[in-house]
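The structure that follows is given in the form of structure tokens.
Order of writing sets the chain letters: A, B and C. Residues in each chain are counted from 1.
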Amino acid sequence: MEIAAPPAPKAFEAPSDPRSVARAMAPPSRFGDKAFEWLTLMMAMAVVVLVILTGWQLWRGSSQAIQKFGFHFLATSTWDPVAEQFGALPFIYGTLVSSLIALLIAVPLSIATAVYLTELAPLSIRQPLVSLIEMLAAIPSVILGLWGIFVMVPWLRDYPFPWLKRLFGWTPFFSGPIYGTSMLAGGIIIAIMILPIITSVSREILRSVPDLQREAAYALGATRWEVTRIAVLSYARKGLFGAVILGLGRALGETMAVTMVIGNTPQIAASLFKPGYTLASVIANEFTEATTDIYLEALFEIGLVLFGVTILVNLIAQLLLKTMTTTTSGTRAVQ
Amino acid sequence: MNLNSGRADNHHWRKVKNMLASATTFVSALLVIAPLALVFFHLLVNGASSVSWDFFTHLPKPVGEAGGGMVNAIVGSLQLLALASIIGIPIGVLGGVYLAEYGTARVNWMLRFVADVLNGVPSITWGVVVYGLVVLRFKGFSAYAGGLALGLIMIPLILRTTEEVILLVPNGYREAALALGVARWKTIVHIVMKTASKGIITGILLALARVGGETAPLLFTAFGNRFWNHNLNEPIAALPLQIFTYAISPYDDWHRQAWAGALVLVTGIFCVNVIVRVLTRQRTASIV
Amino acid sequence: MVNLLMANPDPTVVERVERPAEPPPTAEPVPPLTFEVKNLSIWYGQKRAINDVTLDVASNAVTAIIGPSGCGKSTFIRCLNRMHELVPKTRIEGRVLLQGEDLYSSAIDPAIVRRRVGMVFQKSNPFPTMSIGENVVIGLRLNGVRSQKFLNERLEKSLRMAALWDEVKDDLHKPGTSLSGGQQQRLCIARALAVQPEVLLMDEPCSALDPIATAKIEELIYELKSQYTIVTVTHNMQQAGRISDYTAFFYLGKLIEFGPTTKIFTNPSERQTEDYITGRFG
């Protein structure tokens, strides 16, 4: 490439004072950097402070109840504020059963939907469907509960429940009178609430499976479904399990929608048509009604149990999810 | 030689399985979206007629009387969100800045982990905590207590979204600013955060939409109020709270108003989500 | 010995090469020095990136750093304004003197160093949220300059020095990213010049630009050297031959040879230098 002879260097107007700009600028201070780093660190530590604060407050607020009832609290099923007898077993039972029902309904639907969205759906409808599911996630619990009380429960009482009773009434699960508000209704509404989160996390997990896995299976002549089953789902097993546990964590803590449709009766019954009560619901319903100190402390203790359980479940879920994505490697062989 | 001659015997069956799988998962997707459609449908049918000028301007009528509105609840919710922001935004944003710009890999991993676990804690827990911290100590329900409870929920939410967005800012900008002799903290505040500002704001908006619909933490902090709140030290009405109270009451008129309130609340939340979507689309279009 | 530049002799280029502008041949006294680098070694963790380098950078001249990928050119240039410290776990041995002052003494704030030694990067990076005008003066603003009059003066001066004023003077409010690639790079040069450094470091400034934009930048470098000391990294040997007065050849973290450009390209002392120049490896 030819370059023309460069022009003679232009005569620049020499600055009146070579140091004028340097003087105009303020001297740097190391203080600003250190101070800002400390400030942001303090703010970030807030999350640790929050965990400690919550645990401490819940412990403090339930100390007397813990002293009085000890571990029996978790095993007793009497909840009698008048006689000052408090046992958390009905609520533990209710939380576990409603969450289990919710998982049984939501997990297959969510994972199947996630599979559809990442592997099988035509590209043009993927984004609209994803947006719709995100909108479902944005619906507040109380609004779903409102719909639950006035639309879902009456419908359940009039159609699916009698049908279930006809078919399965011989089992203890579907025996007894049908009220509408019930453990089963609670489970169903929790399922609706956790569908979006399990779907979106599963979707992220499936998307993080390297294409190399899929391509290897395709190259062997597999159909689309077989590729999904062999290359994708088995690779993503751990992460999908993490998504399910995350959904469980959500289910355990679900409050408003459940309170509005589960019937709020502290009892342990085999029949799913009978009303139930969850840990979160009893706090929501009775906290402001607690007239005596011991009553309030018992509720605090329920809060502590709920906190402990959800922290544990979320811990497991996060560990599963985080260790799944770090072991993703494009060179891993098809399993 | 016929290309089909090597086909396995179960080829037809495998194709059928493939189609079945597609169909089943498609139906699943429909079932997942169905509640959304149903909820929306009933909100519109039951609520639209009750969303009137009265609804937005009147206070609730005494128990049992028909009519009235929810203006105090709507305003109360906005006030609570403002209070929550005072705590949630500074702590969340600055904390997210720390995780993105400073710290060591191990410490940051643990902080992120704790934040993610906190994001999964039931919101009613925060209500109980703030009850113990504030309501018992100051012997009364208040807007401050409600705002604090919502603010605490916002902290880990905003922290994570801010961190993610700041990590996306290309390193070239940091280097260019530092090469001019600009202090590190000024680089972060004036260059990095400014570049990430849209993302930070959308994170804040999403957190606001999320806590704006929360009821449980307000049950025994803000408590609710049938009248105007004149002093932030007193109980205050909030839209989700009002909806709950009306929904579980025995009065038909209150049920009708609950539907209206629900429609207003959902519309507000969806508007925020749409704004966020619009902002995010512009951002991806202009990434250099 | 093949002289790469003689392969396609362009009389004007040959004339320039044979009549070096500055400095005069080695018989003359040593020219004033901006940088004195003595036994510099840099480690990234366990890996030694720069190995015992000693060289001097002459004032008001263009020094080119050449060498194959991974030879440490970028690392070296970044330690001239302490930018390599941004990478964690770096360790440095040896000394770097700027106008006789130790750059790495604990008494000096790196920010001051970077105000005196400016840098332009390979990929032009005008700040996306700012206009052209704001981009140029941002260094001054964030360093505490308040006077709008002063800022406006520096704005015009810097853009003129970067040969960009005439093209953008009516568009100063437009976003910095609305310019073409070559203009953006000149904007970055103006931005660096606004804080009035003594030295301008350029890390492969033209590698992302088309030939016409490259030519403009090379022209600019030639004009700027009367006011500034310039050190430029380039993987384009012909460019080094065109614009520089001194050339340093690095290989695998070591300084193989350093001297006036004419000598390096016509009569290098080291075998490796000659092999690289003639393209036997790269």
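The rule is short, and it goes like this: a residue touches a chain if its C-beta (ideal position, glycine included) is under 8 Å from a C-beta of that chain, and two chains touch if they have at least 3 such contacts.
Being a predicted model, the structure only gives us computed values, none of them experimental.
> In terms of Cα-based centroids, which chain occupies the most central position?
Smallest offset from the overall C-alpha mean is found for B.
> With contacts defined as at the top, give the pair, A-B or A-C, that has more of them.
A-B
> Centre to centre, by mean C-alpha position, how many angstrom separate chain B and chain C?
A distance of 50 Å separates the two centres.
> Please compute the C-alpha centroid of chain A, do the same for chain B, then give the distance between them in whole Å.
13
> If you average the Cα atoms of chain A and of chain C to get two centres, how far apart are those centres in Å?
Chain centroid spacing, chain A to chain C, equals 53 Å.
> Can you tell me which residues of chain A touch two or more of the remaining chains?
Where chain A meets two or more other chains at a single residue, that happens at 25, 28.
> Among the residues of chain C, pick out those that touch two or more other chains and give their numbers.
Residues 111-112, 115-116, 143, 195 of chain C each touch two or more of the other chains.
> Among all residues of chain B, which ones touch two or more of the remaining chains?
181, 183, 186
> Tell me, which parts of chain A touch chain B in their complex?
25, 28-29, 32-33, 35-37, 39-41, 43-48, 50-51, 53-54, 57-58, 60-61, 108-110, 112-113, 115-117, 120-121, 129, 131-136, 138-147, 149-151, 192, 195-196, 199, 223-226, 228, 246, 249-250, 252-256, 260, 280, 283-284, 287-288, 299-300, 303, 306-307, 310-311, 313-315, 317-318, 322
> Can you list the residues on chain A that touch chain C in the complex?
The contact residues of chain A facing chain C are 1-7, 9-10, 12-13, 15, 18, 20-22, 24-28, 30.
> So in the complex, the part of chain C that touches chain A is made up of which residues?
Per the touch definition, chain C meets chain A at residues 10, 12-13, 15-16, 109, 111-112, 115-116, 140, 143-145, 147, 150, 154, 157, 161, 194-196, 211, 215, 218-219, 222-223, 225-227, 238, 242.
> Tell me, which parts of chain B touch chain C in their complex?
On the chain B side, the touching residues are 170, 172-183, 186-187, 190-191, 194-195, 197, 286, 288.
> Which residues of chain B touch chain A in the complex?
14-15, 17-18, 20-22, 24-26, 28-29, 31-33, 35-36, 38-39, 42-43, 46, 90-99, 101-103, 111, 113-118, 120-129, 131-133, 152, 155-156, 159, 181, 183-186, 188-189, 209-210, 213-216, 219-220, 223, 240, 243-244, 247-248, 255, 258-259, 262, 265-266, 269-270, 273, 277
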